[in-house]
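Once you scroll down, you'll see the structures, which are given as structure tokens.
Two complexes come next, and they have one chain in common, chain A, joined by chain B in the first and chain C in the second.
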Partner chain A sequence: MIAQAVLNEWYPVAMAAQVGAWPGRQTQLLGSDIAVFLDAGEIVVQRADGSALAVCLRYGHVWACLGTPAHDLFPIPEADQPGRRLVDCGVVRVKCSPLRAVENFLDIAHFPFVHTDVLGAEPHTEVGRYEVQIREDSDEVWATKVHFYQPQAAKSASGGIVTEYMYRVAAPTAAVLYKTCPNKPDAWDVIGIFVQPLTEELCEVWPWMALFDDATPQADLIQFQQMIFLQDRSILENQIPRLLPLDPGKEIPTQADMTSIAYRRWLKRKGLTYGAQMVAA
Partner chain B sequence: MKLYDYVLSASCYKIRLMAALLGVKLDLVAVDFHPGREHRALAFRNLNPAGTLPVLVDGDLMLTESTAMLVYLAQASGRAWLGDSTPARAAKVQNWLAFSARLGASLGMARLHDMLIYPGDIDAFRRAGVECLRELEAHMTEARFAGRIFLEGDAPTIADIACFPNVALAPDGGVTLDDYPAIRLWSRALRALPGFIEMPGIHRLHELKPAPEAVPALEDL
Partner chain C sequence: MSGMWVANGLSQDLPLGVVMAGSWQGAELAIWRSATGRLSAWNDRCPHRGMRLSHGFVRGETLSCIYHGWTYGTDGACSKIPAHPAMVPPAAIKAEVYACVEADGVIWVAPAGTEVVLPDLSGLVAVRSVTVQADVAALTRGLPGFVQHGAVWRGQVEGAAVALVVQDRGASVTLHGLGAGDRVRLSRWLDGVRRLVEEGVLA
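What follows is the complex of A and B.
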């Protein structure tokens, strides 16, 4: 039995540009079989019994809701900002809890170990103090003032820089990060991961970017992002337990894990427990 | 020398790795294999009608088979890597190049299925992959008993480079390497070679430091 709060959220189910005519994309959402296809120019998402789901198209992707949408899809104002390049990076399947995929995206401490010499490097493993809050107005988790030394922060970066990050959990299985733009120091590069929960232990992840970068070819931008995400994938598939534990008694706060703790607390408070386990590991 | 490349492709990695080990510089041209399927588009098929990656271009020469590219790189820049010191060894190297195609069709396809949602019979891919791994493990065990660590002879050859990527990436397709100690030792020997480069899913050797996976999870502290 899936909680109503889970059913009433938006989830990504396809890249909008890739949706074709029936049978289209045959996939799953929260354990239910669904089809995403083009019908008379409209993108339709339907259950196996033929009933249609609520759909919206944003940020290059098709979003669907199995229940009654509790609210509009979260805003990313930068998506409409002139001069930005929007890059759909395609899908990668990962055998892990959708919540763990998001939590890993929020974790800055893993950069030197998993993205060695690209997003982090030893001995620069220190994560300084930063701020984490659950914003009541937008009902989102934010981490701000995160600073980190990076050998190659982006495809367009030519050397090591201290990058500033902001992290944002905008939906139970969607997170957005803002990072120093190597080409335009007064602006943020925006990178999202949109996670489609197929089951509690299987997800498909759609990275998406909104960058100021006119120079780098599209294929290079996509492959840089895929390289980064595939470095995470093998870690994610080996995490034990597979479900994300939401038992607060087991959480030991350390500086690097503050965002993860806030994310878990926020999920628990909202009853968004699909992909989580409520008992101690 | 120009390599039309996809960062997650095991075959493309064979060529990047061989070139790195030989100290040969490649100009990489990223092809949007996924999600763009640029390798199937007309512009790319004008270059390679088969619509496959990698493609290696050196002047007038254009190669579309990774094993041929390995031969070319070794002939030009490191003949010892051909492994042709005796007729028997040269023939066995050819045998492994053919074996590498079986690895691609089994472990390679399992990986594409599990990672990039390619269609196909995943159980059949994995079964065929495990058969390959058992053959390889038996061979590497014999080699170890004879005091050798590489596939043929005392030094690494193009045979090792052709077979290594799809074997090392087997866990990406849901096939564990836990049962194959001789293969894991062979993998370590290759990763220790001077000039070795990584790809996502294939890590460099860390000097006796715990791998990040070995760090206890938050909830276990």
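What follows is the complex of A and C.
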């Protein structure tokens, strides 16, 4: 049985521009077979029995809800800001819990070891104290004032800089980060991941970017982001247990893991347990 | 109890400064050799966030996890958390340690504290390991004339003594081969054993 709270959330199920006529994209959402296809110019998402799901189109993606949507899809105001380039980076299929994929996106301490010489490098491994809160008004997890030394923070960066980050969990399987922009010191680059939970141990991840960068060719931006996500995949497919533990068990967090702790607490409080392990093991 | 000890490879296949994946019954392990040659076998799960330690890297006398670089000494205790360089890690952060020894060119693993009682393989030279996609029961087919003593199958190949140490991995079996005769011939013979056992499984 999947908790009602899980069913009532929005999940990404396709790139809007890539949806074709029946049979369209045959895929899964929370273990149910679904089809995403164009019918008389409208994008339809339906179950195997032919019943239609609630759908909304945002950020170039198709979002669907298996139950009754508890709220509108989260806003990303920067998506509509003039001057930004929206870059979709394709999809990466990962054999892991969708929640582990989001937690990894919120993590900076792995940069020097997993994205060596790109997003981090020894000996610059320290994660300073930052601020984390569960914002009651928007019902989101936020981490702010996160600083980290990076050898090549973005495709457009040349040489090492200290980058400032903000992280935001906007939905159970969608997160957005804001990072200082090498080309425009007063603005933030915005990078998201939208994770489609196929099952509790299998997901498809769409990196998404809204950048102030007119110089770097699209193909290079995509290749950069794909490289980063393939490095992350080699981690995500090798974590034990596969499900994200929500109760303190064998995993030991430290101060650098405050975002992960808040994310797990938020999931547990809201009953968003799909892809999670409740009993310590 | 010698039955508690499971062969996990040949010494020659685990050089200095290298980590590999291993197994003890159902448990998955990380087995590594330090720069000075000390062997360790641990549960293949980093205490921080569960990453497989067998994907990590060896520096000197320590093994580091590839995810966030948490570093562990040969006793399993965490000695460094790179995200907090000034912090001394609490003693509670420790890899789950197994006993690991090597004798006659074979690496053996057992739960910590197990008395060291190993089969005598002296006089034989380690040749190579082959993994066979079959279960232990299928082995009889590929090893006619061989006699089984616990994990070790003994017999003769072209007049020379041979011992195969069996590592049961559930769906597959790894045979760690040692012999007194010509190594190249023994190595070819091992390929034949694999084919015979696997064909028997398919038939």
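By our rule, the second predicted complex is superposed on the first by the 275 of 281 C-alpha atoms of A that agree within 3 Å, B and C clash if a C-alpha of one lies under 4 Å from a C-alpha of the other, contacts with A are read in each partner's own complex, and residues count from 1 in each chain.
The rule is simple: a residue touches a chain if its C-beta (ideal position, glycine included) is under 8 Å from a C-beta of that chain, and two chains touch if they have at least 3 such contacts.
What you see is a predicted model, and the numbers here were worked out from it, not measured in a lab.
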- Touched partner set for A:127, first chain B, second chain C, both or neither: second
- Message: If we overlay the two complexes on their shared chain A, which of chain B and chain C does A:201 touch? Say first, second, both or neither.
- Response: neither
- Item | Partner touching more residues of chain A, whether chain B or chain C | B
- Message: For A:164 in the superposed arrangement: first (chain B), second (chain C), both or neither?
- Response: neither
- Task: Check whether A:114 is in contact with chain B, with chain C, with both or with neither, and answer first, second, both or neither.
- Result: both
- Task: Name the contact category of A:139: first (chain B only), second (chain C only), both, or neither.
- Result: neither
- Item | Partner chain in contact with A:240 - chain B first, chain C second, else both or neither | both
- Which parts of chain A are touched by chain B and by chain C alike? 110, 113-114, 234-235, 238-241, 250-252, 257, 260
- Query: In their complex, what parts of chain B are in touch with chain A?
  - Reply: 6-8, 30-32, 34-36, 38, 114-117, 171-172, 174, 199-201, 204, 212-213, 215, 217-221
- Interface with chain C, chain A side, in the complex: residues 107, 109-110, 112-114, 122-123, 125-127, 234-235, 238-241, 250-257, 260
- Which residues, counting only chain C, touch chain A once they are in their complex? 28, 44-45, 47-52, 55, 64-69, 81-85, 87, 92-93
- Item | In the complex, chain A residues that touch chain B | 15, 18, 88-93, 95, 110, 113-114, 116, 204, 217-220, 222-224, 226-227, 230-231, 233-235, 237-241, 245, 247, 250-252, 257, 260, 280-281
